[in-house]
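One structure coming up, written as structure tokens, with questions to follow.
Chain lettering (A, B, C and D) follows the sequence in which the chains are written, and residue indices restart at 1 in each chain.
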Amino acid sequence: MGKINTSKFTRRGVLKSIGAGAGVVGASAVAPGLTGFAQAQSSAPIRLGFQVHRTGIGAAYGRWYDRTTQAAVKRINDMGGINGRPVEIITEDDGTDPKRGAEVVEKFATLYNCDIAFGTLFSHVVYGSAPRAGELKLPYFVVSEGHHVASGKLNRYTLQPGITDVKSQVQAMAPFVSDNLGKKITMIYPDFAFGHDHRDFFTAAIEAQGGTVVESIAIPPTETSFTKYFPRIPRETEVIYHVMVGPAVLTFVKELGEFFGPNRPEIFGFIDSLEAVDINSPGLEFLENTYFWEGHPRNAQADQTSYDKVYRAAVGVDDNGASLDDPKDFSTYSHMFGCWETLNIIKAGMEAADYQGPADRTKLIEAVEAMSDMPHSDDHPQGAKRFNGKTHQTFGHQYISKVSNGKLVVEHTTSIEDGLYEDEVDYTTQSF
Amino acid sequence: MDAMTILSTRNLTKAYGGIRANTDINFDLPKGQIMALIGPNGAGKSTFVGMVSGRITATSGDVFFEGNNISKLPAHKRIARGIAYTFQITSVFTGLPLRENIALAARRKLGSDKAATDIKVAQVLDRVGLTDRADMIAGDLSYGHQRILEIAMGLAQDPRLFILDEPTQGLTELEVENFIKLIKSLAGETTILLIEHNMDVVMKTADQITVLNQGEVLAAGTPAQIRANKAVQAAYLGTTDA
Amino acid sequence: MTNQHRVHLLHFGTIALLALLFFVLPAYHVGNLARIMVLATYAIGYNFLFGYTGLLSLGHALFFTAGMYGLGLAMTQFGLPSAPALIIGLIAACLVSAVIGFLALRTSGVAFMIVTLMFAQAGYLTILYFGTYTRGDEGFVIQQAKRVMFGIDLSSEVSRYFAALILFSICFLTVARIVQSPFGKTLIAIRENEERARMLGYDTGAHKLKAIIISGTISGFAGAAYALLFGYAGATFATVQYSIFPLLWVLLGGAGTTVGPLIGVIFMFYLIDLSSSITSAYMLIAGVALVLLAMFAPQGLAGTLRKRWFKWMP
Amino acid sequence: MEFGPHLMLASLEGAVTAAILALTAMGLSIVFGVMRVVNIAHGEFFMLGAVIAWWVASLLGGHPAIGFVLALVLAPLIVGTLAAVADRFILQRINYDPDRTIVATIGLLYIIQQTTLMTFGPEARPVQPPFNTRLALPWFEYGENGFAMIWPWGLSITSYKLFVIVAAITIITGLWLFLTRSKAGLLMRATQQDSETAQAFGVPVQRVYSWVFGLGAGLAAIGAVLVVPIQQAHYLMGQDPLLLSFIVVIIGGLGSLPGTIIAAILIGMSDGIISVFFSPTLAKIIATLVVAMVLVFRPQGLLGKSEG
């Protein structure tokens, strides 16, 4: 019980010290006033437990999350590590399974003595793992784009500082869709919680814009053929909004094209459907001139920033979003930046909290909670972010791209404000 | 049927598709008798006892046991009323010890009374002479011993009607002799319906004989009457010719 | 020492050993063992039907999740405290297994496998269909603050471990006792030769239905305990994979042995946990191990022990 | 879309599903019928077929038809050989004992899946169809001017999907002739009916088993090669075909090949048609329950023989 008392004590201390822009003044036995890289108390590496989907349904994403993470850690270590200590990544596969996810978190905390856990994408794994992370008092940084963190369903130890959540993404899309594509929308989404989030948040957002969702078609997750569901699309539909995940997405898009033939409505999709897939794959010609949400533009744009250039080179991705080693091997470009940015935030947080070891975990969380605006930079190549310490959720810019000659060309960039919504939780009021 | 009749059937019929295995069998078995059911292969003997025990559903007709119509009862309820049945093709619990095989048979009536079950099992083992093999796994027993175990499982149920379907098939001469002794010792304790090919066994044990042929009752009577019956001789000779 | 003594020694010794391990093992393995005991309880439920009654179901995930969602939804949707929610979980599992048992028992053999599989698949889809309440695949968290029973915080290491041990012990000893009782011996008889059991006058249909209900309720107990002790319920647990797991655990550990389920879960858990530290190809290692076990230890680990040395093992 | 055209579209889609399912389930049915083993790895043979098809097609340039045709020949051969080897070195050694076979084939499932993941990657891989023209379909409606032919919005199929249906029919007919007319088929049927007697009459039962296991896997692979231009090759794609094939084989009646085909058509078509009437997930739930209930009330399957 002693631990909890101490951490409450330090929390106040950290808030104060961060507010003053100084080092740490805490009740724990940390030498005060020492910040920076050189005066590390220990040269032992900081251990980050990386929960990765190496097998199971998330494996295509997991491979790229892994590459991005390795690249980000290499960069951090090349720049002198964190608080003068090297960073070591301990990778464990969770099989994209919530039960195994919880076990992996436990392994990080109690077997490997990791300082934090990080990297989970699929939201059911986040849900399965987060309670365990909270009980073990292990800071758990997820890169999942789920609304689970900001909805208040998790706990104070779970944060999502590196990627915008789905509610914000969807909300930011609605004005563009209703202003440029049409007001009568048919949504097609998987009959998963993830799909339901799209349905609920987008329906609300589009109605606020004066549009309507004329039909929503939830596709069962095990489905491999889709044509039979397309007749449900009402004739009056002006825009089809699609977001599918899993290996059957190619079939979905292809069959959508075959269903409509030459006379199609406008089509707006989430790139989740085609992450790790070549947009020029056979059968996808149909996507020409359709629109996509992109978390991070896959194709290097005409006005590419130096940040994107640095990031792309570090991860080993070419201008088309494919691997430098294999131009047919496409990345999950719209999501994986989250690993890079999250790691940089962890670094910044650990430096702000003068993190020395597991005893400082709560200080790290408080330091991250104290963060707010993050500028577009090498640390944040996707764009500027605004972190909400109360909801543990970050908000960023979103991109809407049009497929032109087989390339995704950004047509519109949303502002951070487009994606803001009212707080649903204040984690900072919860005790550690 | 009078109070002395333990089992009777009325117009009992079984048809498989268009083929009739049993046609309108009327049969009465007086209490306490040893009745042998004989007939050429394919005469419908096993079908008949199958319908009596409930293993086979009758197409039409009725079965009465101790005066009650049991035609609608499932097999396990008929057994529970006091019918024991041994299979033509040995059917014991080959993976379990011999003792447990018999205990299972005894336990249905004795329930959770462990002491009573143990006593019953010991008695039966002793009676059939398998005591020294009690802890062997039934599947490891010789064929003859498995047949005897099958009978022992019937005995352990203290049946009021004991149906034996070709119990001596595949037994050695010595084992057959022991079987005959066993059956005779049961006379008076229970009623026995015995399907048997071995005429020697039939003649030595049966009080009455019923002959089935082509699914119908051909004749019924004492061993002496049956031996003298021309129709029976013809039926048997006929099949041997064919 | 009679066999009865040996059996008692084995069963109570196992429980005592598990209790002792809490004080001996490092934290990580204590955490694992808590999970293992919950999963082993699921396997015990499965073993009761498969190992002792001889019915191979491919739909037990349905019973596991009936308990899990019975408890989980009672707590999150209706705000019930954990104890009544646990009872609701048990009732849910009991009812679901009774209905499924009633229908599926009209079939046998491979058809029984498929029918149970399909009911479970329909159950999985139903969880997704009612995503508004269940949050579908994503599932939901049961907040730490609510995971308290009789004033004990079930999310702490000690209470979680001993809660899991109590759960395991109850089901372990109950099943051990049932299989030694006349009822359990009749189930074994049905497994060995159903027709013969029927012709000894046993109502095999009723026995099998009871076996499914007991098996399903124990599995649901494990599911409810999982949600309560680890704070999460999700549709993943309703997928086919989670119906195949208990079959594997039981076959590995030794079907029709009381300790087999525990041994099977420990073996499989550590096989994956240890090999996943070495290589990402741990499922390959698991696959090879399964093939080798099938070839060289067909009766599972405990089954092989029983066959070779300890014939008295229940 | 209007009800009529919708139903027609769903039926056509159902027919494509049924065609693939019939091939895959035939493979399982033959193995089941002849060897009486439950092969849990059957879906993985399907997956391997799809993956090999992608591999062959991506190695070859030129017209997509070249790669496709080559895949149609190579994939079943490779997969069949692999299965026969697995049979020889694993299943024969455990004497096809039911429990051990389940464990061993689950092990095989993991091995194949993980090996594929490591060599082929986790991505869904497309194969270009040899030809793929969208064919708009007409619909006849009784209006003011009598019967009129209209071209409803969305009602179409592709030439490739039609080809899949025709190809499945052709292959199954060929298989039928092989089983009933050839000597190898005769040996198989003899083994199916009574393996001991067959052995006594000099049938090399062990070798027949290996061939049958290979043939079953090969059929799954053919089904997969046909499907990859519609769906994509993916290392986890084996589960659905496995479950559906099992259902088809049981519903059809164990070991009954005509039953298997009828069940494949019924299940493939009902999957399409039920989706017309209910929302997608509800349709799946209902379809699943309907099939389960068919089995509950007719446990021996549609064409299986009743025991009583």
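In this section, a residue touches a chain if its C-beta (ideal position, glycine included) is under 8 Å from a C-beta of that chain, and two chains touch if they have at least 3 such contacts.
A quick note: this is a predicted structure, and the numbers were derived from the prediction, not measured.
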{"item": "Contact-graph separation of chain C and chain D, given in steps at minimum", "value": "1"}
{"item": "Most remote chain, CA-based centroid, reference being chain C", "value": "B"}
{"item": "Of B-C and A-D, pair with higher C-beta contact tally", "value": "A-D"}
{"item": "Rounded Å distance between chain B and chain D, as computed from the means of their C-alpha atoms", "value": "50"}
{"item": "Gap in Å, rounded to a whole number, between the CA centres of chain D and chain A", "value": "39"}
{"item": "Approximate Å spacing (C-alpha centroids) for the pair chain B, chain C", "value": "43"}
{"item": "Cα-centroid distance, chain A relative to chain B, in whole angstrom", "value": "76"}
{"item": "Touching two or more other chains - residue numbers and ranges from chain A", "value": "55, 191, 220"}
{"item": "Residues of chain D touching at least two other chains", "value": "114, 281, 284"}
{"item": "Overlap residues in chain C, where contacts from two or more other chains coincide", "value": "125, 128-129, 280, 283"}
{"item": "Touch-based graph of the chains, sorted into line, ring, star, complete or other", "value": "other"}
{"item": "Chain pairs in mutual contact under the definition given at the outset", "value": "A-C, A-D, B-C, C-D"}
{"item": "Interface residues, chain C side, partner chain B - complex", "value": "181-182, 185-186, 188-189, 192-193, 195-204"}
{"item": "Sites on chain A touched by chain C in the complex", "value": "54-55, 92-93, 97-99, 102-103, 106-107, 110-111, 123-124, 127-128, 130-132, 134-135, 146, 148, 153-155, 191-194, 196, 220-221"}
{"item": "Footprint of chain A on chain C - complex, ascending", "value": "26-28, 31-32, 35, 125, 128-129, 131-132, 135-144, 155-156, 230-232, 234-237, 273, 276-277, 280, 282-283"}
{"item": "Of all residues in chain D, those that touch chain C in their complex", "value": "38, 90, 93-94, 97, 99-104, 106-115, 118, 239, 243, 246-247, 250, 254, 281-282, 284-285, 288-289, 291-293, 295-297, 299-301"}
{"item": "Complex interface listing, chain B residues touching chain C", "value": "53, 55, 74-77, 79-80, 85, 87, 91-96, 100, 103-105, 107-108, 111-112, 153, 157"}
